[in-house]
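Shared between the two complexes below is chain A, which has chain B as its partner in the first and chain C in the second.
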Partner chain A sequence: MKVETTVNSNYTVVAIAGEIDMYSSPQLRDTLLQLVKNKTATVIVNLKDVKYIDSSGIATFVEALKKMLSYKGKLKMAQVPDRLMEIFNFSKLDKVFEIFGKIEDAANS
Partner chain B sequence: MNDPIVISVPSHPKFLSVIRAAALVAAEVSGMGTEAAEDIKHAVDEACSNVIKYAYKCDSTRTITVKFEDSQYTFQVKIEDTGCKARLEDIKVRELDEIRPGGLGIHFIKKAFNSVVFDKRKRNGNRLILTRFKNRHEPVISQQK
Partner chain C sequence: MENAIEVIDLVTYYGDRKILKGISFSIPMGMTTVIVGGSGCGKTTTLKHLIGLLRPASGSIHIHGKDIAAMDNASLDEYRKKMGVLFQGAALLNSMTLAENVALPLREHTKLKGSVIDIIVRMKLDLVGLSGFGDFFPVQLSGGMKKRAGIARAMAMDPVIMYFDEPSAGLDPVTAAGLDELILKLHSVFKMTVVVVTHELPSIFKIADYVVMLDEGEVSFVGSLDEFKKSDKAIVRTFIERRAVEESISPDNYFKIITGT
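Let's look at the complex of A and B:
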């Protein structure tokens, strides 16, 4: 898994590529919790190149979201592949996360 | 697929990708469609993650053995370890509506398989038997065998 963080003026994009599982999710957690520590106002997670996510990956996003809500930060998902969307729907995360088709839409919302 | 496929990997999370790849291919070879094969891959991954977390308590030097068996009516996966005895009721689980980190793995396992049981005949360690009926109208079973 590769995680790339790009800081923009009003938001930060975390682009993930590969598989998010029990092995790789600690790396993702470190990235997200560093953004939480810095009280980043808006984080947009680009999931376009994610091939797989397991429950540890989902837990990582939920943990980050809960921490961000404590300072009114926003964690948004963008470009979610169909298979991941199925998993999000099944886990009812589609009701928790703001999900957008494009990064621009997430940035402008 | 008449003969079972058996793989053994060290209990390190980096080998979960190997198990996922094997599960996907085994499911496809048994005639599962794309969505079913992906569900099976996911379920087997979650079950093996549980072995690492609960049975081996994150000791990465142990072994996980996964056996895939295909028959006319079922696709079965047996996951064996030599770790601490596990019970389904001890595995962290949460309601899907209760949004908090953790506790989702068992839901993914039950989504893919009709039957999720630990084989009580195994004395040392655990043998989790996951069965998917090829006719999925069969009822879901989840109990100790």
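Let's look at the complex of A and C:
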């Protein structure tokens, strides 16, 4: 799994590629918690190149969102592949996260 | 059709008694395969081999291309992390709450932080319709709820293969149907290979894509559910039409049985 963070003026994009599983999700957690620590107002997660996500990956996002809500931060998902969207829908996560088709839409919302 | 599991010429004994007599069959990837047969036909014994609880006397069991019958214990443990099992009695630990039961494999096999594990546990309990029951102990639950909790724990590590041993056993028809629905739902969303051992006809007709039938330690039928329903094999018809099979005992044998000679 690769995680790349790009800081823009109003938001930060976390682009993830590969598989988010029980072994790699702690690395993603470190990245997200660092952004939480810095009280980053808006984090957009680009999931376009994610081939697989397991429960630990989803739980990592949920934990980050919970922490961000304490300072009214926003965690948004963008470019979610169909396969992941199916899991998001089934796990009712489509009601937990704000989900957008494009990064720009997430940034402008 | 790619196979998840290939069993080749599997033989096993309990003492001197030959239980599996050289069975061979394949289980397709991403489908729900039901292993059926009457009581004592060897289906639970077969399942125990598939999950690596028993070692065969001979034969091989290839799972995703690797022979688990030839694996050492360390490799077998790695394989077991990728599979989930719902045992007949759910096998929950009674001294632990449901949440602790579901968390157990995650705490044992991963380096995930407690806060992440707590979220996974709540997600899994919600998945099986047990939101809010995390602090309950197994004795406080009905049979159906225990099975659901067992599924939540089996799903904790996001398995690629799920095994269910007689999931409907001991449940009323409505609860059993609910469990079948849950198996269908999990299968359709997570695209897992599902293997169910059962002799419950309504379950077979509802959840199976593929059927393996055993009889007295031998494979008597392998094929799709449709082929199973249409099969004109006597053993399949007897099973589907729920006909009783008379035991044939000769007078001489019967005399030996009752005199213990």
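Going forward, the second predicted complex is superposed on the first by the 109 of 109 C-alpha atoms of A that agree within 3 Å, B and C clash if a C-alpha of one lies under 4 Å from a C-alpha of the other, contacts with A are read in each partner's own complex, and residues count from 1 in each chain.
Please note the rule applied: contacts are C-beta pairs under 8 Å (C-beta built on N, C-alpha and C of every residue); 3 or more make two chains touch, one makes a residue touch a chain.
Predicted, not measured: the structure shown is a model, and the values here were computed from it.
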Review point. Overlaying on chain A: chain B and chain C, fit or clash?
Key: clash
Exercise for review: Figure out whether A:27 sits in contact with chain B (first) or chain C (second), or with both, or with neither.
Suggested key: neither
Practice item. Check whether A:12 is in contact with chain B, with chain C, with both or with neither, and answer first, second, both or neither. Key: neither
Review point. Given the touch rule stated above, what does A:96 touch, chain B (first), chain C (second), both, or neither?
Key: first
Exercise for review: Enumerate the residues of chain A that count as touching chain B in its complex and touching chain C in the other.
Suggested key: 21-23, 54-56, 58-60, 62-63, 86-87, 90-92
Exercise for review: Provide the residue numbers of chain C that touch chain A in the complex, in ascending order.
Suggested key: 106, 109-113, 115-117, 119-120, 123-124, 126-127, 156-158, 185, 189-190
Check your understanding: For the complex, which residues does chain A have touching chain C?
Key -> 21-23, 25-26, 29, 54-56, 58-60, 62-63, 86-87, 90-92
Check your understanding: Which residues, counting only chain A, touch chain B once they are in their complex?
Key -> 19, 21-23, 52, 54-56, 58-60, 62-63, 66, 83, 86-87, 90-93, 95-96
Point to revise | Partner chain A, residues of chain B touching it in the complex | key: 12-14, 16-17, 20, 35, 38, 42, 45-46, 49, 52-53, 96-97, 99-105, 107-108, 111
